[in-house]
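Data first, discussion second: the structure below is written as structure tokens.
Labels run A, B, C and D following the written order; every chain starts at residue 1.
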Amino acid sequence: MADKKIEAPFFVINPKNFLYGESLMDLARYANQLAKEYKIDILFTAPLTELALVVKECPNLIITAQHMDAVEPGDSMGRVLPESLRQVGVQAVVLNHSDNPLSLAILRKTIERAKEVGLQTIVCADSVQEGQGIAILEPDILLAEPTDLIGKTQISNRDYVTSTIKEIKKINPKVLVEQGAGIRTEKDVEELLGLGADGVGLTSGIIKAHQPKEMMKKMVLAVAAYQKERK
Amino acid sequence: MADKKIEAPFFVINPKNFLYGESLMDLARYANQLAKEYKIDILFTAPLTELALVVKECPNLIITAQHMDAVEPGDSMGRVLPESLRQVGVQAVVLNHSDNPLSLAILRKTIERAKEVGLQTIVCADSVQEGQGIAILEPDILLAEPTDLIGKTQISNRDYVTSTIKEIKKINPKVLVEQGAGIRTEKDVEELLGLGADGVGLTSGIIKAHQPKEMMKKMVLAVAAYQKERK
Amino acid sequence: MADKKIEAPFFVINPKNFLYGESLMDLARYANQLAKEYKIDILFTAPLTELALVVKECPNLIITAQHMDAVEPGDSMGRVLPESLRQVGVQAVVLNHSDNPLSLAILRKTIERAKEVGLQTIVCADSVQEGQGIAILEPDILLAEPTDLIGKTQISNRDYVTSTIKEIKKINPKVLVEQGAGIRTEKDVEELLGLGADGVGLTSGIIKAHQPKEMMKKMVLAVAAYQKERK
Amino acid sequence: MADKKIEAPFFVINPKNFLYGESLMDLARYANQLAKEYKIDILFTAPLTELALVVKECPNLIITAQHMDAVEPGDSMGRVLPESLRQVGVQAVVLNHSDNPLSLAILRKTIERAKEVGLQTIVCADSVQEGQGIAILEPDILLAEPTDLIGKTQISNRDYVTSTIKEIKKINPKVLVEQGAGIRTEKDVEELLGLGADGVGLTSGIIKAHQPKEMMKKMVLAVAAYQKERK
């Protein structure tokens, strides 16, 4: 049931609900081509409704749900069923995004459900302390976007990113740390990987770029270059 | 953008999260065949993740989402986007189910969003008063499952069903009233339509029946017979 | 157990969580004096924690809770128990404020609980349709603050207020309609009562006034003058 | 602004919403007398509405709120304002109870607000992992009620309690660990303190006891005896 475990350095494209239909599929197809060509792990999220369609056309992407509920098959209505996600070929799920905050008890149960059905988990945290607390629950990936960062200068940012990663790995060395705040160019991608991030993820850096596909390609190339160099 | 408006007498099959994958598709395909053969409006709900797949294989069903959010395309994550539902061919949506209760303000906004994208709405109410309050918001269908009914004898049930329908239509004569509580056989279907229900809907009466497909067929036949008789 | 039923024209002072401690009590004491002197129904809301203290010092005010839960005495924690509100002398409760939106099913149950313990209910609605839907549930007072109003010119405002009141009373003629949007001076109070509002309520018009007590007095005088004139 | 820091061994009486009015005050007064006589830290929770009244009559108890919101003074309605709790003399607050589950981000903010106004925090956790995650946020007390415990034999219970405490203190040695599951007699109190609990807390063990006050006294005596012995 398990897919290949996601490996660093990975790249996450998260169109949220900005794209749907053909514009979503168009971006996904291009990402799929990049994943095939550059052989890096690319996670691609899509609205729940369109996950099955994107899976079918994009076998080289790690298709990722934007939310999931801790329900079991049975008497629930409109909740996102883990088994159904897995059934259509989804491989990972984002949890605890600020649009779907979960109590720690529910988060723990949802991570367990994900493991049961073979979904990898990307769990959001908005502070170092929250990240450490979540690291104890053993998600596969921890997305650290400290609101504390906002407004900081670039230099303190660097210190901050480095120490965030260190503090989280201190609690759980196996968890992969994704960084996502404010990535605008391939230089930001390089820098974050250089500072120790296991992966990078972004929405507006691609969706709102002048040329989304070109920007996506440059960023993927930066990840691939980092990967080659590390070997 | 609009589909054909749902007409009485209609039939709703709501597998909730009891079924997914092949068992869901198998039931849907059979329902599709019945809809084609008996020419009645059959609504079929499915988990959000599998709606697109069911739409593709079942062109004669009115594929229905089990929930939707009032979001616009844009910066939301994991929320059920109306445009995305419509994009994959969904035609209707259930709102305010007890698993996803909505405040009246949000319900009003969600019904508006549904109208904007061309989705028909089935809104749940658990009492006559709640049903009347919701009827003012002009949903297409109102699903009246008064908890007050539970434990009542069959006879008072009849009075209750009749008066529920009357009270709701008094507020808004255009709204179609669906009845759903405790339907177990085709006799129950006949009786509820006879009492004035515009449609009937059920989950366990089919899912937990000894022979789900056979039971579904008998019920659809009861609806078709009622339709013929009324003409 | 029942107190005197609130009568038009009434006046509602709602300090929300802007005031607490001595600044809250100071405003409450002055309102209490005005209620005694001018013999009109003044509702005064306070944080849950301080309701008991305000009741003790202000016997002429109708002390009002800002929220309540539909719980029964028993195994719930941190929920606002109707019996406990009543016990400390609270006489009314605001429900369905946008900070505490309730599904229609829960709202119905909470209004029932309020009636059981002898609390009068002020229920918020943010549109005419929502107001009509809630009027069916028979609250004592309906607070109509249509977001639709925002940005409208003064003239259409007048039409809007008049028609809102008419539409709500058409559904339930017994419900009292409170108006609250954008009251800044005693002239606004006069105008709204003149347009048919049964009462007026406000937060910032008093809390953020240059001289809160003086403004409150002028407004109460406007209500008292309207009351005298109507007799 | 700060009160005396709560010290082990402490005792928590949590009547939830089972008691209000005179029956609540009667139990509180007796607990107050016991706290004075036996000189141990007794926390007593009460419905939000009655906290101010209990504080006035019970100066020897650490009066504790059953919930609190992370709001600031200002434009919120019906939310439990930290400053208002503090204002009426409340000294501590229970957070993340299963009736009021908080996301980790909100929990962190609420603990910060509590520290700002000088309230001590008792945070609930329903598993060892959740307890460890919360310990990182530095609450004063962690209430560990692992649902995992349910149905276990007494012997494995002992191991479980000991290891829970050890695992939580490994993450944060300063946090006090309260145990609460299934305490029925003074023997249970003795045993849990002997196993390393810093405090014990209970609802039904007292509220539903044949003679609540007598049972409370026996339990307090057990805590006092343990305290004396440890010195």
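Here, a residue touches a chain if its C-beta (ideal position, glycine included) is under 8 Å from a C-beta of that chain, and two chains touch if they have at least 3 such contacts.
These are the chains along with the protein names UniProt gives them: A, B, C, D = Triose-phosphate isomerase.
Every value quoted in this text rests on a predicted model; they were computed, and no experiment measured them.
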Exercise for review: Using mean Cα positions as chain centres, tell me which chain lies farthest from chain A (Triose-phosphate isomerase).
Suggested key: C
**Study point:** Centre-to-centre distance between chain D (Triose-phosphate isomerase) and chain C (Triose-phosphate isomerase) (centres being mean Cα positions), rounded to whole Å
**Key:** 36
Check your understanding: What whole-number Å value describes the gap between the mean CA coordinates of chain A (Triose-phosphate isomerase) and chain C (Triose-phosphate isomerase)?
Key -> 47
Check your understanding: What is the distance, in whole Å, between the centres of chain B (Triose-phosphate isomerase) and chain C (Triose-phosphate isomerase), each centre taken as the mean of its C-alpha atoms?
Key -> 38
Check your understanding: Residues of chain C (Triose-phosphate isomerase) that touch two or more other chains: which are they?
Key -> 98
Review point. Quick one: which chain pairs are touching?
Key: A-B, A-D, B-C, C-D
**Study point:** Residues of chain D (Triose-phosphate isomerase) defined as touching chain C (Triose-phosphate isomerase) within the complex
**Key:** 14, 16-21, 47-53, 65-67, 71, 73-81, 83-85, 87-88, 90, 94, 97-100, 203
Review point. In their shared complex, at which residues does chain B (Triose-phosphate isomerase) touch chain C (Triose-phosphate isomerase)?
Key: 96, 98, 101-108, 125-127, 129-130, 132-134, 136-137, 171
